[in-house]
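Notes follow once the structure below has been shown.
Going in written order, the chains are labelled A, B, C, D and E, and every chain counts its residues from 1.
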Amino acid sequence: MDRNNLIKWLKEPKKMGNKYSLWAVYFSTACGVIEVPPVLTSRWDAERFGIIPVATPRQANLFLITGYVTTKTLKAIIRTYEQMAEPKYTIGFGSCPINGGMYWDSYNTIKHLDKYIPVDGWIAGCMPRPEAIFIGVTKLWGMIDKGLATGYIRYRENYDYYRGNQEKLFGSMEWPPLYTLKEGTNDG
Amino acid sequence: MSFLNANTYYIAAFGLIFIGLYIVMAKKNLVKVVIGLSFVDSGINLLLISIGYIKGGTAPIFSRPGISPLKMVDPIPQALVLTAIVIGVAVLALALSLVVKLYQQYGTLDIRKIRGLKW
Amino acid sequence: MSLEMLLVIAFGGAFLTYLLGKLSPVLRDILAVLLTLVILAIVALFYGRTGESSFMNFLGFNLSLRINTLSWLFAIAVATLGSLSTIFSLSYMKGKERLDFYYLMMLIVNASMLGIVFSGDLISFYVFWEIMSWGTFLLISYNRGPALAAGLKYIVMSIVGSTAYLLGMFSLYASYSTFNIADIASRISTASPGYLLSVLVLFSITFGIKNALVPLHTWLPDAHSEAPSPFSAVLSGILIKMGTYGFVISMYVLVGIKALSHLGHGILSFHFMLAILAAVTILVPTFIALMQDDAKRVLAWSSIAQVGYIILGIAIGTSLGFAGGMFHFLNHASFKALLFMAIGAVEYRTGTRDLNSLGGIIKKMPFTFMMTLIGALGLIGFPLTNGFVSKWLIYKTLILGKDPFLAFVALFGTWGTILYAYKILHNIFMGQLPEEYKGVEEAPFSMKFPMVILSIIIILFGILPGIPLKVINVIGVSLGFKSLAVNIWGIASDTGALNTINIFSAILVSWIVVWLIFKAAPTSLRVEQDNNYAAGSYVPTGRYLYTANFYAPVYRIIKPYVIDVVDIFYMALAGAVRTLCDWTRRMYTGELGSYVMYIMLFLAVLITMRLGFNIW
Amino acid sequence: MVNPVLLIAVPLGLAFSLPIFGLISKRLEKYLPVIAMLFNLSLSVYLVPRVLTHPIIVYIGGWAPPFGIDLFVGPVGIFFSVIIALVGLLVSIYAMDYIKEGDTGKYHVLFLLLLTGAQGVVLTGDIFNLFVFYEILCISSYALVGYLRDRDGLESAIKYLVQGSIGTGLVLTGIAFIYGLYGTLNMADIARQINSIKPAANFITLALIITGLGVEAAIFPMNAWLPDAHSSAPSSISAILSGIAIEIGVYAIARVIFTIFGATDILSFVALVGIITLLVGEMSALKQNNIKRMLAYSSTGQIGLIVFAFAIATSYGIEAGLFQILNHSLSKALLFLAAGYMIYRTGSMEISSFEGMGKRMPLTSLGFTIGAFSLIGLPPFAGFASKFLIVKAALTKGGGLYTCLIALALVATVIEGAYFFRVVQVLYFRGSNENVTRQEAPVVALVPFFVLAVLIIAIGIYPGPVMHVLNSATSEFVHRIAYIQGVLR
Amino acid sequence: MKLAEFIISPILAFIIGIFLMGLSRRIMARIHRRYGPPLMQPVIDLVKLFSQRTVSHGPIFDIGVILSLAGTIALILFIPFGGMCPLEASGGLLVILYIMLFAPLGLALSGGEGANPNISIGISRKFILSLGYEVPFILIVLAVMTYYHTISAVDVVKAQSSFHWALFSLPLFLPGLAYILIIPAMLGIRPFDLASAPQEISSGPMAEYGGKYLALAEIEHAFSIFITIALFVDMFLGGSGNVVYFFLKVLVVFIIGLLINAVFPRFRTEQAVKFLWKWPSVMALAGLVIVLAI
């Protein structure tokens, strides 16, 4: 592991910090979350990699979409995603968020998550095992290293597209658009 | 007996006063109360008179030279009584007129029923 | 400018203001403000003067006025708060009924407080005291509704106090045949301790009631919360401190330190009893304040608790404690007045002071929030505010005087203070802004100005406590206390010094460091309040208020224990007296016969007692 | 040198000639009391400086005492006659507008007779003459109480009459005893002959007279008539009754105890009775909803305080009692007069119906407030000075009894404060604060308010001149021998 | 030299605090039979947090968190720390008591403007908890101050020189034990982590914190770990004239506390307050009574 590589730290502290301190939103969309507790606790001990679950999206920078996404859940997912601090990474988890999976013809499950929020990577399987999660995380590390995990930038730049899709699905949204707000610099 | 004999007037006077007071305190009819008041008045008048009274005395007029001043009745209580009677009458008249008016207002003279003002 | 002139100006100006109000409200407002400012200027010019002069002969006694540093200190506080609250009234009271009356009473109370502190004998003290009492009564009742009961409670307790004062005053007169404070003080040293104690206890009842010392405090919460806010500021800031002044006068001027130290030993001494009362005054009201839901009621209970600190400092009777108590009096005057004004401003704009329905006003009234914050920090005794210094002095006195339990109560009370002070801040200003207060505006200038002045005082005295402490030290020395090593930055001492400049610079430097770090990090995105984590869902603002029952767990713990037993007792007593009175008049039955019987009974008793038992 | 007899004669004469004037013009009637009282006031004030140096003693018909009746115009007499004339004048001015119903001529006749009686009582030096004037006062007040001829008025009048008659009967019995014992009716002469009240006969006489006078003075428990009578009489009469009549009773008691009997050993009992009167009065007033009844009970209480002050019997105490009489006359007159117009405007005596009066009748309310404050004893009003003096007197007297009693008195003050402040709150702060139309009392009524209020404040701030008179008056009570020698020469 | 202390002591405190934080995660993992994160993990987290771009709810949201940290850093200067105490004559322990207020109050103000119900609950719990532990804490500090008859922390340390440690003296033994009991409450760690309970109220006052705000809060936490334990070392273990020695004492105390507290579940608020008002308070009170009796 290169987190002991001092030169890299001095060169790109932000990237390194983001890589080795992935704090995941503790947010379970569906059945997939059954695999997450073993990952986080003694058996697989994700804290080794700096991955810890946190309670609020404000503190988190990793979002695991665990399982199928109903339209109702999607609303919460979007809200949570928008509230996460940047840079933030999303990983679709299991086959359902990718293409609907076994709910491909369900009336209230969405088939393509990346139409609504940007997804940086996918972990296929039903369910993916904890090892798969670690593989996914290492892939994400690589992407961060190469500067490919840019979901949050895409979301910001193509906000009209995502917002449009969201509004198409939900009708009107309850909360105002995120990025039309004036960007204040109200620092102490 | 000599006590009674010597003090007949006083006993009568206080008797009247106490009877009057009893009436005022115990009787429920306003007219009776007023009568009680006049009892008290009469008693007091009698008391006043008897203070100046001397048994077998005469009027305090020095018209006949034979009468000794010691035999004369004291005139001042009599003057007082006259005044007191006048006052008593005035009070009695006022009281009775008030009683009349009260009867017109309340339709009763029972003091137990005329209790609009209390506490 | 003589003292008589000052009082003539103060009282005469008050009536002039009233009359002018009949002509033109604008002129009245101007005159009222001008008058208080003139008084302030005159009082300020009196600095350092001492002297006594007789101004009137009342029933054969010379009434005199005198000035010294002690009375000057109180007078300057009176004059300052008087002018500030009058300025605050300008917009707060605008459009209310009976303004001429309001200003008249405000100015009369102000003038009578000046009279109290400048009076040189017990009679004029009493006269001004009573004028202050009924003036206050009229002002407390001003708001109608529940204020009426509060006013009545106040005035009844106040009369009880005056009664005690009269008894004390005349028993002094009976012994020394003079009412002049200085004369009595010079002769009292030979008095027996028991006599002194009885006089002091009588005076303590009077001043304890005005000062809201537990168990004489029950008028205060109602009165403070129901009075108009500018007057609440005066009431809590300075009016109840007249009781403090009375305590100082009766304990240290009339009786004197030397005689006072002979009143009992150890725990059973007068000092210590008063100190224990003061400790109770700190402890219980603090936790009652915690449980209130009306902002002004919280502040009112807090006033009682803070008065406990003042009395604790004064009662303990060392030079350090005295300085702490006196300084805390000044500080409490500043921050509590500020808080009442700030709450008043909020009430003025929103129309409510219910802590459970307000919230998020900071977005609309940031300035008022800052003022409330400074006031609350002062109340807590946060370092760099004046409250810290005075509390520090009191704690130190208690710890070094081997009274750690009193010190514990004082410190623990401070932690209670933090809780309710934050509750006020949070429930009014923090949290979500309810829909109905979206249109709220910032307080007008005439409200801002007094608040700014007070907050400057709080910060200034917090960083440079030497300014007032020097004056207080002069007072202490004149009363016979040891002189303190006062510096502009605090107090030097072997057993632990205080240096506010150091604290200030430490915090300033670390602030700058942290701020630089903060600035260096990426700037953050400013979001509206409703962009808020709620487990992914969006909760509309109207249903997002989360301030009710703020300290629920602690309420559950302390609720069975923290009850205003005294108030319940007084209320029961008042109820019993009322019932008794009601029964008394039942003897007038309306039955003529019984009336006549009463007459005869009287006669019979009179005669029987004499003739039968030979009593008379 | 004007003859002080005119103080009695002028009102008396005018009273009986009033119906004749009434024949000329009905409107003239109501000015006559004003004229009479104006005359009395100016005469009394004119006499004050002379009387203070040495009392004027007038022998009626030229008969020297003890054989003739004399008028003793001492400081006490002149003090009371100033009060009577002053309050009488103000009330008669007030009554010019206030008394509209009924046979107003009779009202004015009775009113003048009442004041005549009062003047006579305070000036006379003969005890039977005192009784006669006393009866004049009482009978006219019985009639005046029932003047309105409504249910309450008549009921209270008859009750007042019965109790009053019993009282005066007791006085007369006492006088009969005195005459029987000493054979004289001149007060100075009796006083000269009485050495002590120790003998039972003396004591019973004293007891009879005190009890009898106590009925009119409304000392507990003989004060049952007072709340009824004061509350149901017309307000102007209530003011006179409270402001003058009961004080006259207290005067008579003081005269009997101090001057005639020189009875010092009964004083502790009197003090006790005074305090009980005070307590009972104030306690009964506390829960009253009827304003006039409340004021009447308060009068009882104040009488108790006055009696207590007199019973202290030091010069301080008597001075304080006299001062309190002055204060009570002025304040209670002001209170009743102000309450009268408020009742007139609202048509109800319930305190709760006075809500918003501060707006409707601002000056009347102000007058009421000043009166109330003065009665409670708040500075800078006159009541403060009197209460101050009373407390001073009681505490300088020393002794546990008086200290306890004054403490009780101060407790009563607290109760008094409670109910008066409640009324003040009702006037100013209760009810809606909407704009109400102003219905101020007429100017004729405002003049008395103004004069009384100014007097209360002036005396409260500067009691010096009053104290000057009171000092002499006190010494008249204290120095019994001087009185006797002055009359008997 | 004095001037250097102003810079050295906060930096050393920061390093020790961060180290202790890393150590605690590591030890905790071992107790769970995990491998645990590297010791440097808190630093990595801080670097990440400072690089993040998060949201602000308003000026007080920023000022509060800065105030919190600034106060804590200033507090270091008042605490005798291995022979250093840059501001020794500025108010002593009483000032320390008060400056300890900056952190919770700053966080509370900041969180208040965050306007989140979770924050409100968290703050409320934090204050209630502080009310709970202040009772024993004040009693402990008072016992120490009364025993040594001074309010200066430096004097307290001086009085314990040459191994006259307060913890092993008769009157102050019980207060010392009480202090150990309340250390987790003062730090807000288990079993007293009710204010920032992530599972119940989304980490309470820090629910709206992300990025640099969270970073500052973490630094503050690191400092307060150090301060709380340093205060214990100063008051009961005789402080030290030597930084290394001082650090060792801190370490020992910290590990003992950690071992005790790693295995406990969380108290409910009332339970916590009742516990704190019962055992530690009684012990401290007994100590104070003994101090007074001697």
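In this text, a contact is a pair of C-beta atoms (placed from the backbone, for glycine too) under 8 Å apart; a residue touches a chain by one contact, two chains touch by 3 or more.
Everything quoted here is computed from the prediction, not taken from an experiment.
What is the set of chains touching both chain C and chain E?
Looking at chain E and chain C together, the chains touching each of them are A.
Give me the step distance from chain B to chain E, shortest route via touching chains only.
2
Compared with chain B, which chain's mean CA position is the farthest off?
Ranked by distance of C-alpha centres from chain B, the top chain is A.
Highest contact-pair count belongs to which two chains?
Chains C-E share more contact pairs than any other pair.
From the Cα centroids, identify the chain that ends up most central relative to all protein Cα atoms.
Central by C-alpha mean position: chain C.
Could you give the separation in Å between the centres of chain B and chain D, each centre being the mean of its C-alpha atoms?
A distance of 28 Å separates the two centres.
Mind checking the centre-to-centre distance between chain A and chain C? Centres are C-alpha means, answer in whole Å.
58
Any idea how many Å lie between the Cα centroids of chain B and chain C?
68
Centroid from C-alpha atoms only, then distance chain A to chain B, rounded to Å. What do you get?
Distance between chain centres, rounded to whole Å: 115 Å.
For chain A, give me the residues that contact two or more of the other chains.
Expected reply: 56, 58, 83, 184, 186-188.
Could you list the positions in chain C whose residues touch two or more of the other chains?
Counting only residues that touch two or more other chains, chain C contributes 515, 518, 523-527, 531, 533, 535, 585, 588, 592, 594, 596.
Check each residue of chain E and list the ones that touch at least two other chains.
Chain E, residues with two or more chain partners: 50-56, 58-59, 62, 65-66, 118, 202, 207-208, 211.
Every pair of chains that touch: which are they?
A-C, A-E, B-C, B-D, C-D, C-E
Show which residues of chain A lie in contact with chain E when the two form their complex.
3-4, 9, 13-14, 16-18, 20-21, 23, 26, 41-42, 45, 47-48, 50, 53-56, 58-61, 83-87, 184, 186-188
Under the definition above, what is the set of chain C residues touching chain D in their complex?
57-60, 97-98, 123, 126-128, 130-131, 133-134, 137-138, 141-144, 147-148, 151-152, 155-156, 159-160, 163, 166-167, 170-171, 173-174, 577-578, 580-582, 584-585, 587-588, 592, 594-596, 598-599, 601-603, 606-607, 609-611, 615-616
Residue numbers of chain C touching chain E in their complex, please.
Touch residues, chain C against chain E: 360, 362-363, 366, 369, 373, 380-383, 388, 392, 395-396, 399-400, 402, 404-405, 407-408, 411-412, 415-416, 418-419, 422, 425-426, 429-432, 490, 495-500, 502-503, 506-507, 509-511, 513-515, 517-518, 520-527, 529, 531-535, 544, 546-547, 550-554, 556-557.
Could you list, by residue number, the parts of chain A that touch chain C in their complex?
27, 56-58, 75-77, 79-80, 83, 174-176, 178, 181-188
Could you please specify the touching residues of chain D with respect to chain C in the complex?
158-159, 162-163, 166-167, 170, 200, 203-204, 207-208, 210-211, 214-215, 221-222, 224-225, 227, 265-266, 268-269, 280, 283-284, 286-288, 297, 358, 373, 376, 378-380, 384-385, 388-389, 391-392, 395-396, 398, 406-407, 410-411, 413-415, 417-418, 421-422, 424-425, 428-430, 433, 463-464, 467
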